[in-house]
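Down below are the structures I want you to see.
Across the two complexes that follow, chain A remains constant while its partner is chain B and subsequently chain C.
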Partner chain A sequence: MNEMSQSLLRTQAARVSWFDVATRHRVALATLAVLVFPLVMPFTALAVNILIYGLYALGFNLVYGYLGLLSFGHAALFGTGAYLCGMAIVHFGLPWYAAIAIGVVAGLAMAALIGVLAIRTRGIYFAMVTMALSQCVYYLFYQAVDWTGGENGLRGINVRSIDLFGMRLDFLDPMTRYYVIAAFVIAAFFILSRILASPFGAVIEAVRENATRARASGYDVTLTRLITFVLSGGFCGLAGALQALHLSIVPIEILHYDTSGIVVMIALLGGMGTFFGPMIGAAVFLLLENLVSLWTVHWQLIVGAIFVICVLFFPAGIWGTLTSRGKR
Partner chain B sequence: MRSEVSKSRSISRRRLLATVGAGAVTAASPFRINLVKAEEANIKIGFPVPLTGPYGTEAQDQVRAAQLAVAQFNEAGGLNGRKAELVVRDDKLNPGEAATRTLELVEKEKVNFVVGSLSAAVQLAINNVTKERGIIFNSISQSDAINEAADFSRFTFHEALNPHMTSGAVGRYAFSKFGKRVAFLTADYAYGHEMVRGFLEVGKAFNIENLGDIRHPLGTTDFSTLLPRILALKPDILCISNFGRDQQIALRQATDFGIKKTTQIIAPLLSHASRVAAGPQAFEGVIGGCSFYWGIEDKFASTKAFNDAFRKMYDGKLPTDYGALGYGGVRTVLSAVKNAGSVDTDKVITALEALKYDYYKGPQYYRKCDHQSVQSVLVIRSKSKDQRNESDVFEVISTEEPDEAHLRSCAELGHKA
Partner chain C sequence: MAGLSLDLIALQLFAGLALGAIYVLFAIGLSLIFGMLTVVNFAHGAFYMVGAYAGLYILMLGGNFWICLLAVPLAVGLFGMLVERFLIRRLYGRGIDYPLLLTFGLSYVMVELVRLAFGKTGYPFDTPDLLQGAVNIGVGYFPLYRLFVIGATAAVLLGLWLFLEKTSFGLIIRAGARDPQIVRVLGVDISNVWLIVFGIGTAIAGFAGLLAAPLQGVIPEMGSTILAEAFVVTVVGGMGSIGGAVLAGLLVGIVVSMSSLFAPEMAKVSIFALMAIVLIVRPQGFFGRAGLMS
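On to the complex of A and B.
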């Protein structure tokens, strides 16, 4: 019996594809990719943007891909994190780590607020309500000129050095800035991976697959949705806070519904409901935008055409298509 | 077949000999040093402007004019043979993108200076990135905030006008001529608000009566609900503070409503590109301000020289207001480099502060406390007949000479004496 099961294991092990390995060690793999990433990018600031938008899309994907709710208001979560982190530094002179923490808490709080108001709606109504609420947030920050700089944006989020355990890192150095921000992104990878692997993660997917059955099995569907939305807010808030530190400004455009739309495109392009999809989507999207706009002013036309082709021929997204090949 | 082969070989051998010969001559000649130096380190000027988006036309003109300034610097021998180079990037009229692009310019392209921007928010974003890294930034678009102590740094220069100067000049002209009853139609964002603030401040001296400020959101296409309200107020002057497409549509509909029969319409800023796009009827008789108009070439030799050089480089085209700013912004920096004899930031700052220049519109200089370029403001009227060419769209009806009294004082801006 023992021998039989062992040989069974062995044959299974032989059949283990690269895909299974990738899934099992997804955090390690992502970490490795993130570490070498800036070396292959045209410039470091773009690599940092890709990390940040990847993290933002990761948070969005938790709601869209895993929970199955399409939110058109994620800019509010991203932007609130950025603004609150920035304001903590500009108006209160707090250290950078406190500002990041405030950004995350702000993302969680804003998600809780929007979530409580929107979570009972479904489908297109959820998209509409989240979009409407995020527009309210936009005007709130837009009008609070003394706090946010309004139209001109929030300036002066100047962090020159990162003091860590007696070490002083030069935050103006592009590579240092990249790796400091990468450390937070990797931590977020790890936390997300744990959430998805936990029983709660299974419940999230159960709600997506069949809410009625999940409810019949004794799970509180509304509460699950709300908690997932709030968690997503935490990731997006962290992404926003890192964006504020990276660019040293927060433009009002960050709260614009365009920012909500971009993340949907990134998630679709990379592959919704996949772990690596959002990061790959962000990389492809921002890289394309960057390279094509260097070459022609009609970059939107070309990026748009590529996006349409992707949606038509790879509906599962880039990573989604790759994994379905890997499974075969 | 064989003869062909040998033929081609003989050509290549000849070519090889020629190349080697030319190389040897170059190596021996005095040009060699210049060539090698030029390849070693160009003086790089980063130039982020919104090539895509609603101000694309203006931005492309800025690039053209900036390229002219660089070409002139290089033709004159550069900095002891060191050439200048313009590194253009599209900021997409988005402050976040502008900050990213500026990081690229500074960190990867290792630019020596940054000149550019075409929006208040974008220039503040660029400024924040450059001042942190000790890079000189010369802004070529309007903003009041960039002069204020909170955003200013000694690396910050402002070649463009600011809303305070522009609305001041237009207000002083209009309020003394057309009456005291003033109504406002304003785009509801920072640009509009800053302009109205400027008009009201100037208006105090003329005891104008503010009949009301009617605001419209950005991107309004139908003003027909607002215009009857303005007609009912019976103003002497209607002050329309918006830009681009909003301005074109508002002026066209105001003309259709017959407002011009009883009221003088003024606008703080009349954009050359907008006027050309909208055609003569909508803008007819409208009075506004601008920083540059090619027509002042009769008055200033520098304008004539700039226009001629621009015409020569771009098939007879004439530069626009924003184009001229691109030229001025780059040329001042390069002149300062030449005067300083180096690209060292501190030396160039000192040289820029000392600069008294007349490059395209008459005398200018950078004020010491906020590095705002003290310069003339032109008050112009749009014309619909007697056009000499397709660029002949305005007539200059008044010029406010350069005067620090028309700027907000250094103390008011928060600068310590």
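On to the complex of A and C.
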């Protein structure tokens, strides 16, 4: 009897440990996964896409998963990062690193602008206000034809090589391109992990769990929400800037409502409020999209149906469902 | 600017009312559903689009516009009730975000199914013969069909008001919006009430789509544009308030049509500026209750 319960305890301990290990070394694990990822992918361009959308979802997940606010306007943050990065190169001839920095700052600034307006409303209003405001950003960029190219998109973002410490990396080579972008994504992993592990990260989750109690404990709930939203804008702006460099064009669709919707699907599919969820979600979503669009142009039908099934039966997403097994 | 006569402004005001009428119909459905079920229906635009396509289908079968006026809301409302009964109902009590996410995913499925059935490109939608041409309304000639849109909207609003205020079922709906718990304790099967409210809301959305079809044609994506604009209406008017939806819908319609007269390049952006101002001055909207959204 005693032996049996001990062995039971041991298996339980073993089950708990893989989840604990994964959580403790989340940055190292994610880095490792990102580094070997292109080797198992059918083609590198898809791997780059997954990386960029994963980073975008990572930023979104900070607001939805950790802060508990559902935003339907993240396309504005992603798209502004992409456009400003592209404009820095096309109109001002700035080097790639400055353009990326401008993309990040643009994401932060746009998030601050939308955040200040949207945070004033609570709960379910937030989804509607962020969606409406991002639609407004879409029209603004659409009409600023001289700067953005309007309907045709912003063309001519040609970055051929990455010059770094006297080294010259060929950005046109798919593998090199993947690892250059991966370097930024890994840096984002590290920063996000630090934010979440910090006391401020604890406040973010406290606000999600019970805003009234967090306020009673002396935390400024509105400010916490705003800062988190702005930080999310930084990650999404970075993702957008990398997308601009990767595509060498910024299509106007990047600001479209669908771009906001896709990231909601990715985050929920992967597992919201989890560290690995967004990346897994991006990988599964984009692979699915690629696979389904091989045999039908109506891939949105399949993807939409899968999303509905997820909401109904697997609201914790892929990683969330796995870890709830692991914790048990 | 000297060329702008007072008559032109008055005509543009009427055009704004017709546009606003569509917003009003769309937004009261959204508001009714939210006020009752606390579900933000992200598929509302898709129901609106389905309404327009259902009308198109009836015309293709040889029906006329007047049959559409009756059949479309019935069909779309019935479809809405099926959606509530078999999908949304499973999610009550699981947090306010889940029904929203479900309807969002559903809108993708609905739009894609319509693309599958009718193709990706849009269709023109003929104005019914009886409503073609223009009439003199004192300040100038105004398209008859737009007058009809204003009239039909007024009729729907009147009918809805009579239903909610003068019937015993309307009383249950109003009570349920205040406190579903008490209504349930009093022996009313509230889940049936929710089913019917969702049906009414989506039926009105389908009706709005049908009314809008002759004005702007029919395309699968017509719902997502108006959804964003309807959110502006609900934020300005106050979520869950039908009076707010009516007032804000008309206001948004007038702002769009006035700004397209004076500053055409700002027409699309003007209503979002309006929303930003309302958010800063009065975050809960004109008629919104302050504590409702927390």
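FYI, the second predicted complex is superposed on the first by the 311 of 328 C-alpha atoms of A that agree within 3 Å, B and C clash if a C-alpha of one lies under 4 Å from a C-alpha of the other, contacts with A are read in each partner's own complex, and residues count from 1 in each chain.
Everything below uses one rule, namely that contacts are C-beta pairs under 8 Å (C-beta built on N, C-alpha and C of every residue); 3 or more make two chains touch, one makes a residue touch a chain.
Note that the structure is predicted; figures quoted are calculated from it, not measured.
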item	value
First, second, both or neither for A:Leu268, with chain B first and chain C second	second
Which superposed partner A:Ile124 touches (first chain B, second chain C, both, neither)	second
Chain B versus chain C as contact partner of A:Gln300, first or second or both or neither	both
Partner chain(s) touched by A:Ala132 [first = chain B, second = chain C, both, neither]	second
First (chain B), second (chain C), both or neither touched by A:Asn49	first
Partner touching more residues of chain A, whether chain B or chain C	C
Touched partner set for A:Leu29, first chain B, second chain C, both or neither	neither
Chain B versus chain C as contact partner of A:Leu291, first or second or both or neither	neither
Set of chain A residues, in rising order, touched by both chain B and chain C	300
Residues on chain C engaged by chain A in the complex (per definition of touch)	34, 38, 40, 87, 90-91, 94, 96-98, 100-102, 104-109, 111-113, 115-116, 224, 227-229, 231-232, 234-235, 239, 265, 268-269, 272-273, 275-276, 279-280, 283-284, 293-294
Contact set on chain A toward chain B in their complex	42-46, 49, 150-153, 155-156, 158, 160, 172, 174, 243, 247-249, 251-254, 293-294, 297, 299-300
Chain A partner contacts - residues on chain B that touch it in the complex	51-52, 56, 89-90, 92, 94-96, 99-100, 103-104, 107-108, 120-121, 124-125, 127-129, 132-133, 143, 145, 150-151, 189-191
Chain A residues within the chain C interface of the complex	70, 117-118, 120-125, 127-129, 131-133, 135-136, 139-140, 143, 257, 261, 264-265, 268, 298, 300-301, 303-305, 307-308, 310-312, 315
